[in-house]
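Written below as structure tokens is the structure these notes are about.
Chain nomenclature is as follows: A, B, C and D, assigned in order of appearance, with residue numbering initiated at 1 for each chain independently.
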Amino acid sequence: MADKLIDSEITINLTSLNHQLEKPWTIVNEKLHKEFICGDFINAFSFMTRVAIYAEKANHHPEWSNIYKTVTIDLTTHESNGISHKDFDLATKIEKTSGC
Amino acid sequence: MADKLIDSEITINLTSLNHQLEKPWTIVNEKLHKEFICGDFINAFSFMTRVAIYAEKANHHPEWSNIYKTVTIDLTTHESNGISHKDFDLATKIEKTSGC
Amino acid sequence: MADKLIDSEITINLTSLNHQLEKPWTIVNEKLHKEFICGDFINAFSFMTRVAIYAEKANHHPEWSNIYKTVTIDLTTHESNGISHKDFDLATKIEKTSGC
Amino acid sequence: MADKLIDSEITINLTSLNHQLEKPWTIVNEKLHKEFICGDFINAFSFMTRVAIYAEKANHHPEWSNIYKTVTIDLTTHESNGISHKDFDLATKIEKTSGC
């Protein structure tokens, strides 16, 4: 099981994740959170397809929603009852895709 | 522009839509709402792919969210400021897919 | 029904389509043909998802194949028994996606 | 590396895979082969989405093509220079999806 990260670990990982990102991830309701604005619905759903494949491959899935060109992602690790390294790993992969 | 339906029209359309459905659509926050429980994440995302294609084809997109095998769909017509026949048309198409 | 284009029309449309493209579309076996090399399988399938949505929306579908990061697309209009403007329209949309 | 199966092993695995399948997989050009006829393009692409996720998760990808509602899948293991257990594993997963 992935350990729940303590606040100081979250801060370090968040700083590292957000380094060189135009738009940062934030912590909202104790989840790793970011809203992506894509060009249109097709690009938004294509982005979601990449994220879905990454997620299933890592066996770690997002809580996410979509309205037209906006994709909102919240990451938490249910079995750890908080944010774990799995969430930062998935966020890192999401950022490495060619965007949306 | 699709006209916003009045309450009595929504009731008639909802009865028709829900006819023979195991689990009904409901009206939540003035939106046409249903939660789909699929077998697993892969089936949930495959279901979302079908809905995404239908939606883009109809140029009418859902407000939706996904957590693992659950897909929650809310339909409203923004330019009509309420539920229109477009929402019932999309819900009907969603139900006609082979499910999730 | 979309008319089958004659050779001189195909040449004009092809020149226009390929203008400013790094890699051109060609005519192979009387079909509009191009091979796309994406970064990896996930990017290839994400690209295919965009093309699939465009295709269904236009009600005009590609003949295509995929091996890992390669997507090969052949466009023809069956009911016209050759290449029509529908094929050039779909190729144009494919090129306008953010690539693969 | 997955070992290339010898003919007698392929026969045994193929019999097991095809058991209770309405339409069998066959060996074509030394690849594990099957053509799936789905209801329409949307169902075909939705089926491909499930297969794509399975494939990436197993890090073993199909050679496949699609024309409208037909999806043709050929499985081989390039690094083994033939059919390996990876191909039978992927075929088994493909059959376990809710079909197309």
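The rule is simple: a residue touches a chain if its C-beta (ideal position, glycine included) is under 8 Å from a C-beta of that chain, and two chains touch if they have at least 3 such contacts.
All of these numbers come straight from a predicted model, not from anything done at the bench.
Asker: So using the touch definition from the top, which pair is joined by more C-beta contacts, B-C or C-D?
Answerer: C-D
Asker: How would you label the subunit A and subunit D contact, same or different, if same means the shared numbers make up over half of all numbers there?
Answerer: same
Asker: Where the centres are mean C-alpha positions, what is the separation of subunit B from subunit C, in Å?
Answerer: 32
Asker: Just give me the whole-number Å value for how far the CA centre of subunit C lies from that of subunit D.
Answerer: Subunit C and subunit D have C-alpha centres separated by 26 Å.
Asker: Going by the contact rule already set, what residues in subunit C reach two or more other chains?
Answerer: In subunit C, the residues touching two or more other chains are 42, 45, 49, 52-53, 56.
Asker: Mind pulling up the subunit C residues that touch subunit D in the complex?
Answerer: That would be residues 41-42, 45, 48-49, 52, 55-56, 61-68 of subunit C.
Asker: So in the complex, the part of subunit D that touches subunit A is made up of which residues?
Answerer: Interface residues on subunit D, with respect to subunit A: 49, 52-53, 56-57.
Asker: Could you please specify the touching residues of subunit C with respect to subunit A in the complex?
Answerer: 39, 42-43, 45-47, 49-50, 53-54, 97-99
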